[in-house]
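Shared between the two complexes below is chain A, which pairs with chain B and chain C, respectively.
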Partner chain A sequence: MTSIALKGLKKKYGSKHAVRATDLEIASGEFIVFVGPSGCGKSTLLRMISGLEEVTDGRILFDQVDVTARPASKRGVAMVFQAYALYPHMTAAQNLSFGLRMTGHSAEEIARRVERAVKILRLDDYLNRKPAQLSGGQCQRVAIGRALVQQPRVFLFDEPLSNLDAELRGSMRVEIAALHRELDNTMVYVTHDQLEAMTLADRIVVLNDGRIEQVGTPLEIYHEPKNIFVAEFMGAPRMNILPGIVVEDGGLFLLLDSNQKIPLAGGPGAVDVGDRVSVGVRPEHVASSRASALEMRVDFVEQTGAMTHYFGRIGGHEFRMASSEERQCRPGERICVGFAAERLHYFDAQGQRIGAEARR
Partner chain B sequence: MFRKLTPYIFLCPAILIIGIFVLLPMASALVISFSDYNMIEAHRFVGLDQYRRLLKDPFFWNALGNSLLYLAVVVPVLSFAPIFLAALVNRKLPGIAVFRGIYYLPVVTSLVVTGLMWKWVYEENGALNFILRNLGLVDDPIAWLATPSVSLFAVMAVTVWSGMGFYMVIYLAGLQSIPKALYEAAELQGVSRIRQTLFITIPMLRPYIALVAVISSIAAMKIFDEVFIMTRGGPLGQTETLVFFVYQNAFVEFDMGYASAAGIALFVATFVLSILNLRLTRDAGHAKR
Partner chain C sequence: MKPRITAFAPRRHRGSFASIGHVLLRYAVLIAVAAVFIGPFAWLLSTAMKSGSENIFQYPPQFLPEQPTLRNFGRVFQALPFFSYFINSVFVAVIAVSCNLVFCSLAAYPLARMSFAGKNSIFLVLISTMMLPFQLLMIPLYGIAVALGLNNSFLGLMIPHACTAFGIFLMRQAFLAIPQQLEESARIEGVNRFRIWRHVMLPLVKPALATLAVFTFVGVWGDFLWPLVIMDDQAGFTLPLGVNKLAGAFGKDWRLVAAGAILSIIPTIAVFLFTQRFFVSGALRGAVKG
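On to the complex of A and B.
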């Protein structure tokens, strides 16, 4: 088991910052997930940890030892790639043993390690098949097996499930989680899929435009997003954000551009009359309510079976509601929606969370 | 009805052109090969006489031998040397596109120009002898194209030089089709660069190697321009290849029946070679899967 520390790690391509000065501590045995939109620098960060990408500035430490200048082959990391990166001219068995055969391991040692990987990942049935004869899921299992036989200090996963269909993604996710429980290795996992991040991670690192926006456990990230970006990125359908001005009308209210008011009772004390504030509320915390004066115009309705998603607008802003009740609703219809005041998230004019401590 | 005919209507021009300029001459060559015909007098049917003549003709065997030697030397060189050239220009270096262009230049240069240029290079007081003498490697100039033991190899060198760029481009496409992640996976496993080349690059290039072997084999069997421009088959028939033998008999001796028989022999040889190569290509394709 290995701990990882990133100290002021930077990567620039020409004048473009792929990763801005990044500091991060990854505990030994931790499953950490880098999540963010395309081009946010998550894969670059992972590749710098692996040694496949040169570092522009900063340091990488494994167990407090600086490995920044150490070549990839000497870092003791193994990586699982998005497109599997299996050698197409070799069978699954040959793919598993290739690295060990090329680096002078004894036949007994190779057989022992391959056998263990085969057992853990249940690869027996297709050991003699070439990658073209395997399904996407089987290919990825072989690729994970190939990482496993290296007995690395750190496992790196670069969007390993992105090429699989939804059902297979779900089952592979369970397998990867089980693998982590069994091996207890440090694992760093990159994905753009927030569901993968939420279900797999001990801690999630949310990245945007080359910088870390927030580091926290999945539930911390979900319940206490540090800013509007994290709030909107994590969760599906994404969080509703309604900007407005704080007004006094027998109590504090948020006045929306549609002239509708949201009571701020129970909100953070840090807001004052005249402040420009945005409130956020997750679609699953919104319910239709005749008692509420907040009106949403429904544009379309999406049935997922377990939940019904209503997409529409409040004033000029997109608004979403996720409900377990199957209510018939036509596009253009107006429904009154409400939510509990304690479910609201407050963000200042810069999009930063207000009063996080007060809400804990 | 018209719908069913549409594809054939589109194919018609190509079939017509191939029919007139390839299939018809082939068929007439086959017919002429069974006759005695000098382009002036009428055809005289002689059965298999021309083929019997071929079998007894030392010049034919010499030409066939030269063509096969050409094949044996040029094909392996052209199948493997351009891989290294492609690997070289596949690197992301500043101005690498210029080098790719320079290496490709001989391919787009007319073989007549290339032949004449190399003829000057090979002259007794040409550039090659000048360099070798200045380096102290030879005392007396070598008559590259007039010395029987080296003339064929001198012509081969020109074929290799002018074809290298073309095959380099094929291998470059092959190299660029290998996913970078394969090398990265190997690098993380501690596999050395040499082993990556031997166990990843070369096997992944197998279909391309087979393709180059097929194309270069057929090209080697059809060598004519270099020989015609540089040596005219000399000295003492040392550079006379099968196609040059056909040309010599057809358009110098006007022995069309005999030349046609030799042409048919060349066709059979090329056909067998192509089948053999296609089989190898198919095997390579299977190996990839």
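On to the complex of A and C.
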């Protein structure tokens, strides 16, 4: 069990900031997920924790001990890579035991650890096959097994499921969650997939452009995104964002540039007439409603079976609605949409959340 | 480095005249090129098999021997201690090739995969030595060999072949092509750099090692100039020096010289056939997918 602390951690490649000064506390035994768009610095941050990447500035502490200068092999971490990184000339069994064999562990010790990994990950059937003879999912299980036999203090995963097809991703996700429950190790997991982040994480760290945008439990991130970036990044389809200006018309309204009005009843006290604000509402909280005056032009409709997604525009802004009812309109049609005022998120002109209280 | 042969990959042709013409033209060119390469060898073989009564300089030249004979090959063994030259050549080649494989891949690994001050300059200097012809280096090299007391010794003969800039370059490129993550996962597991080189990297660059082995072998086996300069004692002669002696000792009986040359080529062909299977690409299959 190991806690991790990052203090002012920075990484520059030449003049490019891959990771800007980052502070983060990861509790012992926590499953923490770094999520963000491609190129935001997730892998760089993970690799600095692993010791594979040197830090430009800042410190890394494991259990309050500074490990910044320690090489990767002395940190007690194990890493699983997106591309598996299995040794192609060795069988699965040899892959599992390679590190232990090379570092002078006794044969019994190696056998014991490999056996345990094989049992946990059910690898028996392909121990004697080489990576080329294994499917992507099987390769990734072997790669996880290879991390397991190291008995590390901390597991690091860099997009381990991104090369797998959707179905396999789903089942591997369940397995990784089960692994965490069983081992109780600290795990740091990188993904660009917000669904993986939501389902696996104890806490999510949302990154953007080398910076932490928000840290929180999956539901905190979902219900109280700190800014428009987090609001849009987490959740699918994306949250709708409508910018406008606050007006008084027998109550507060948000006047959109298409001249449509959204009532701000129950909004945060912090907005005043004349403020430029944006409201956000998740597609799953939008419904078609005759009572509403807010009109959306539907561009296309996507049936997923359980849900139907409507993509279109309100004024000049993209707008999405997700409904469990089947097709209610066709592309090209206009429908009136509504949502409960308490479902609205408010953001100021800089994109920062207004009003901190929970809204559920 | 994965050799990819695409030029002659089978393609489905529609049976139009244009494409048939295309195929014919392509084969004509291939045959012409093959003839240019095989021609001298065939001529050598034919000369080696001509009997003593035949005029090998007649005009117009006669390609097929009138009375083909293998006697010339036998005469080579009588005229020379051919077998002992052969052993010398094998000895020199085996040691030089082994040294080349080990030293070049050892030197190439840090150049490909470690970061240290001056890495690029070192590599540039190494590469630029490839532009100097051996003839230019021969005299200073000889001077050094004499100063070290290495003249007229196998060691002196082998050392210049034991690690080549070309080999370092070839192996560096091969190491560069191996996914970084294979090495990183070994590093995290605490495997030291030498063992990574030995157990992870080397097995994955077998095709490049085979290529280097063949190039080095061909170079060392056929080397004439350097052995001529460094080796005075006939007991230390390699095959090219021996074959050259055939030309001198017997008033240039070209049949004999040709037979000697043919005999000395055989091991080169054998080495090539043996290493060929390592050239098959796909050594990295399954390392990192996607």
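One rule holds in what follows: the second predicted complex is superposed on the first by the 356 of 360 C-alpha atoms of A that agree within 3 Å, B and C clash if a C-alpha of one lies under 4 Å from a C-alpha of the other, contacts with A are read in each partner's own complex, and residues count from 1 in each chain.
Heads up, the rule we're going with is that contacts are C-beta pairs under 8 Å (C-beta built on N, C-alpha and C of every residue); 3 or more make two chains touch, one makes a residue touch a chain.
On a predicted model such as this, the values are computed, not experimentally measured, just so you know.
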Quick one: on chain A, after the overlay, do chain B and chain C clash, or do they fit? Just give me the call.
clash
With the two structures laid over each other on chain A, which partner does A:56 touch: chain B (first), chain C (second), both, or neither?
neither
Touch test for A:98: chain B only (first), chain C only (second), both, or neither?
both
Is A:292 touching anything from chain B or chain C once the two structures are fitted on A? First, second, both or neither.
neither
Who does A:139 touch here: chain B (first), chain C (second), both, or neither?
second
Considering only touches as defined above, state whether A:199 meets chain B (first), chain C (second), both or neither.
neither
Examine A:163 and indicate which partner it touches, taking first as chain B and second as chain C; both and neither are also allowed.
second
With the two structures laid over each other on chain A, which partner does A:68 touch: chain B (first), chain C (second), both, or neither?
neither
Chain A contact check, chain B vs chain C, more residues touched by chain C
So which positions on chain A get touched by both chain B and chain C?
50-52, 72-74, 77-79, 81, 83, 85, 87-89, 98-100, 102-103, 130, 132-133, 146, 150
The answer for chain A against chain C in the complex is residues 50-52, 71-74, 77-79, 81-89, 98-100, 102-103, 130-134, 136, 139, 146, 150, 163
Residues of chain C that touch chain A when the two form their complex:
179, 181-182, 184-192, 195, 199-200, 203-204, 283-290
For the complex, which residues does chain A have touching chain B?
50-52, 72-74, 77-79, 81, 83, 85, 87-89, 98-100, 102-103, 130, 132-133, 146, 150
Quick check on the complex: what are the chain B residues that touch chain A?
179, 181-182, 184-192, 195, 199-200, 203-204, 206, 287-289
